[in-house]
Amino acid sequence: MVNLGFSIGDLHFKNPVMTASGTFGYGPEFDDFLDVSRLGGIVVKGTTMEPREGNLYPRMAETPSGMLNAVGLQNKGIDYFETNLYPCISEYDTNIIVNINGSYVADYVQLAERINSLEKIPAIELNISCPNVKMGGMAFGTNLDSAREVTKAVRSVYSKKLIVKLSPNVTNIADFARVVEEEGADSISLINTLLGMSVDVVKMRPALSTITGGLSGPAIKPVALRMVWQVAKAVRIPVIGMGGIMTTSDALEFLLAGASAVQIGTASFIDPQASVKILEGIEKYLIEKGFSDIKDIVGFINRTC
Amino acid sequence: MVNLGFSIGDLHFKNPVMTASGTFGYGPEFDDFLDVSRLGGIVVKGTTMEPREGNLYPRMAETPSGMLNAVGLQNKGIDYFETNLYPCISEYDTNIIVNINGSYVADYVQLAERINSLEKIPAIELNISCPNVKMGGMAFGTNLDSAREVTKAVRSVYSKKLIVKLSPNVTNIADFARVVEEEGADSISLINTLLGMSVDVVKMRPALSTITGGLSGPAIKPVALRMVWQVAKAVRIPVIGMGGIMTTSDALEFLLAGASAVQIGTASFIDPQASVKILEGIEKYLIEKGFSDIKDIVGFINRTC
Amino acid sequence: MAKRIEDFEVIDNKRINNDFFILDLFSVNKLPDIKPGQFLQVKVDGSPETFLRRPISMHDVDYDNNAIKLLIQIAGKGTETLSKLQNGDILNIIYPLGNSFSIPGVKEKVLLVGGGCGIAPLLYLGKWLKSIGIAPDILLGFRNSERIIEYDEYLKIGKVFLTTEDGSRGEKGFVTAHSILSTLKYDRIYCCGPDSMMKAVAMYSRKNNIVCEVSLENLMACGIGACLCCIVETVKGNLCTCIDGPVFNINDLKW
Amino acid sequence: MAKRIEDFEVIDNKRINNDFFILDLFSVNKLPDIKPGQFLQVKVDGSPETFLRRPISMHDVDYDNNAIKLLIQIAGKGTETLSKLQNGDILNIIYPLGNSFSIPGVKEKVLLVGGGCGIAPLLYLGKWLKSIGIAPDILLGFRNSERIIEYDEYLKIGKVFLTTEDGSRGEKGFVTAHSILSTLKYDRIYCCGPDSMMKAVAMYSRKNNIVCEVSLENLMACGIGACLCCIVETVKGNLCTCIDGPVFNINDLKW
């Protein structure tokens, strides 16, 4: 038997495969396809203080080996989450992580305080990288001072595990990683979507109502992998890698490059069972390669070259 | 008949389709496949003062809908270019543009001076965005001050058309566009490759000798398009768009988003005739849509929304 | 009713004209209960341009033979690839997805209105209505007589009325111009077709106080309520076409 | 000799074992002059993972019928897709690419050494040598007897010597361990196979002062000298495998 577990501080994950925020709903959407409790964790849809309707339709465009989305954090707000969603999803035997979002630092702080008191939520993912909202979101994740400020503020009120999710739309991702580590983040997840665009040449207009949107899927994998590699070298806290992971081999690339765990995003749209298949694949790989612990391969390429 | 021509200042291009540096050799490589003189222009391989051997093998990795390269500006230097290549390629009846590179500002300046005296070269493309060299390259294109400095220095010695090629690996591409416009660039081309990475999970090591490399191909199209759109809105000089253009429709996306012309890169590897096919396709589209001038569609989406 | 992910085998691929073809798919498993109006998400292999699954309606369901029929219009790369499938090819499918058309009262006079690939869900709906004792009228709109498809199939369900835009068969004009709408009084209309058609039918229904349900074809990524890409503005806020729809009562839509 | 981009039709696809298959391709155009050692770049449709063309050697050329044969080993997605081609399928090909093996002197004693998919270019080379009056010996290395392919084809060209790693047929060990190398004196060796085999053969040749040419299989993007991705370090600096190669004299390589 191989050990697949990893930890963020004293928070244990039974395996390194989680699902990415905004691509797995709250979990029940996938109950028909897999046993959600088998996963290392699930990160639920981006949540805000107030309910949000998100952006206008069309919010999606397909691109070569990827997709653009401009959902814009549609969600029913923290009250609804607490009353209606939390009771049912806290039954899952896995780490449930809430992805939190705001327009102002105060929004993030309020949300973090609220979620701090939810017993079955052991961690939050601080989303400072949503490219699809007019205020907040990526603005925090593309400015070092803002990234520092919001991380610090949330850290001061949130006592459980704080994961900060970085934006890839920056010149130097390692700088952001170091800043949030300094301010007390327990882990870093990346990447969120790359800012992209698509034009409908028949209709001669942008494909998305918001013109630009977030690019995800295999197309972004090489960029995501490079950034995860850079960040893993820059910080000591565990790094959670994502961006275009569709197969076991993709997930392994991230682990070998230095990620302690991975999140599966867009892949779940194409194959709702992708996450568990990848989990099984990683275990098989370890056995075949003769490793007994997932830690043996994390950052492997950095050891040899 | 539709008018396909466009101009950078007083430099006329007979149509808006060029080939991208490093993907079309010097032209003769493609003589068997197309009449190079039909193109609006060709941008020859990145050239440096001294000969360069480039990076170690392996320099290439395939990725979903794209490829990584780490060629590292292998070229025989300006002397060889002047003596051996220039005489033969200057026979082409199209605009031949030299892509220039250096480790220091002085290198760029020297090169620009040399090329200024080559009669049949009406423009240079200042490459401040090569991700595959240890010194110079992208370092100039990811720092506003350096971008300003090198553009200014080259402008002061180069009297023909100066095109500056931007790196996409930045937080705010429009800032770079504005800076190089301020310093006298006649045109801006973008995007160069996105910094990416790939891991060989069987061999458990990076796929490239340089670990990271430049991502090109359809995978990057949405990001390229977004940046071209942002830059076209930020400056008055003509913008030359590229990044993942494989088909007529791809090229049209860039034109509709605000590019005055396009460059065809990686596509030429898969279909050496891609550039002329796209040229023909653009003409057909204009006719079908009832436009008489390519200018009628440049930036079209910005007029309607 | 649990959603499934399953491989189906192509047992027939019939081209019906330049634009349309019908796929017959067979599963080795017993089909689950599939309601009229539901759809499936099919994985289209063979191109980077068909990264996402494609949503297609249940055109017909044959429980005895574990087979389903899809009526598909070639709209782009994905549907083109599907049109070239050969017998024996395997398709990976997620189904059944979405809500369904509502059950009409026993005495209600029902009209099905369809156009383009929007006629797809109406066949299974019609058969199901017939099975519960309701014989709906069917009003189909096409561009011209050459584009008429599946006419005989719909004839088996009820009376079929036609419009063509050029008047080459049936009445001339759009479906909403058909005389039947001014001569007969329906209690309920089910409609699927281009947006403009559905909106016109919705307007007509509203004006005449007819219960009307439309089946939307919004762009979808996941098809299972996870991505929130397929939303439609409703009086209850943004709802997902893939789980709250694709069938909506027009009173809920902000049309 | 001008390079071309052309559609070929698959006229036969023969599986020879688990890993290898032979594609017969037909062109409606008259074939250009193709030299032994040259290769082609084939476009593999059907997946985002086969974005680039795949380089494959000319295994055999039939000028009378405008047909070429490819011997292909399934190595990944691209070659797997090719292995499933059916008669009548169309392949887009850029060819003929690269340099070629040199012409030996009339009196020279020539040995061809190959292993794995590296045996592919040796058949056409052998036939061509025979046509100019040279009957080469052929030394092929395989993992075991079950992996031996194309034996009868090579027999038609000259004497064939075998090694298998497990000794299940021919001599046991790698090709360089074959007794023929210590008993016979060759003037010239042409080699294609795994890197380790080519390096061992190069070492042997150097030691014994034998002219030796190897055919490299570097990763390629364009195949026509435009991308500079396929380079090999030589005494003349970095050269492109696709235009300066794939065939190199070992004296030029930094092996």
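As written, the chains take the letters A, B, C and D, and residue 1 is the first residue of each chain.
Here is the rule we use: a contact is a pair of C-beta atoms (placed from the backbone, for glycine too) under 8 Å apart; a residue touches a chain by one contact, two chains touch by 3 or more.
These figures come from a predicted structure and were not determined experimentally.
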{"item": "Chains touching both subunit A and subunit C", "value": "B, D"}
{"item": "Given subunit B and subunit D, the chains that contact each of them", "value": "A, C"}
{"item": "Chain pair with the greatest number of C-beta contact pairs", "value": "A-B"}
{"item": "Furthest chain, CA centroid comparison against subunit B", "value": "C"}
{"item": "Whole-Å gap separating subunit C and subunit D, where each centre is the average of the chain's CA atoms", "value": "54"}
{"item": "Distance between the centres, which are taken as Cα means, of subunit D and subunit A, whole angstrom", "value": "47"}
{"item": "Mean-CA-position distance for subunit B and subunit A (Å)", "value": "34"}
{"item": "Where subunit C touches two or more other chains, by residue", "value": "48, 51"}
{"item": "Contacts with two or more other chains, residues of subunit B listed in rising order", "value": "63-66, 217-218"}
{"item": "Topology of the chain contact graph, where touching chains are joined (line, ring, star, complete, other)", "value": "complete"}
{"item": "Residues on subunit D engaged by subunit B in the complex (per definition of touch)", "value": "2-5, 43, 48-53, 94, 218-233, 237-238"}
{"item": "Sites on subunit B touched by subunit D in the complex", "value": "22-25, 29-30, 32-33, 45, 53-54, 57-67, 69, 71, 74, 217-218, 266, 268-273"}
{"item": "Subunit B - residues contacting subunit C, complex", "value": "64-65, 218"}
{"item": "Subunit A partner contacts - residues on subunit B that touch it in the complex", "value": "63-66, 68, 142, 169-172, 194-199, 201, 204-206, 211-212, 215, 217-223, 225-226, 229, 244, 249, 252-253, 256-257, 285, 289, 297, 300-301, 304-305"}
{"item": "Contact set on subunit D toward subunit C in their complex", "value": "45-48, 51"}
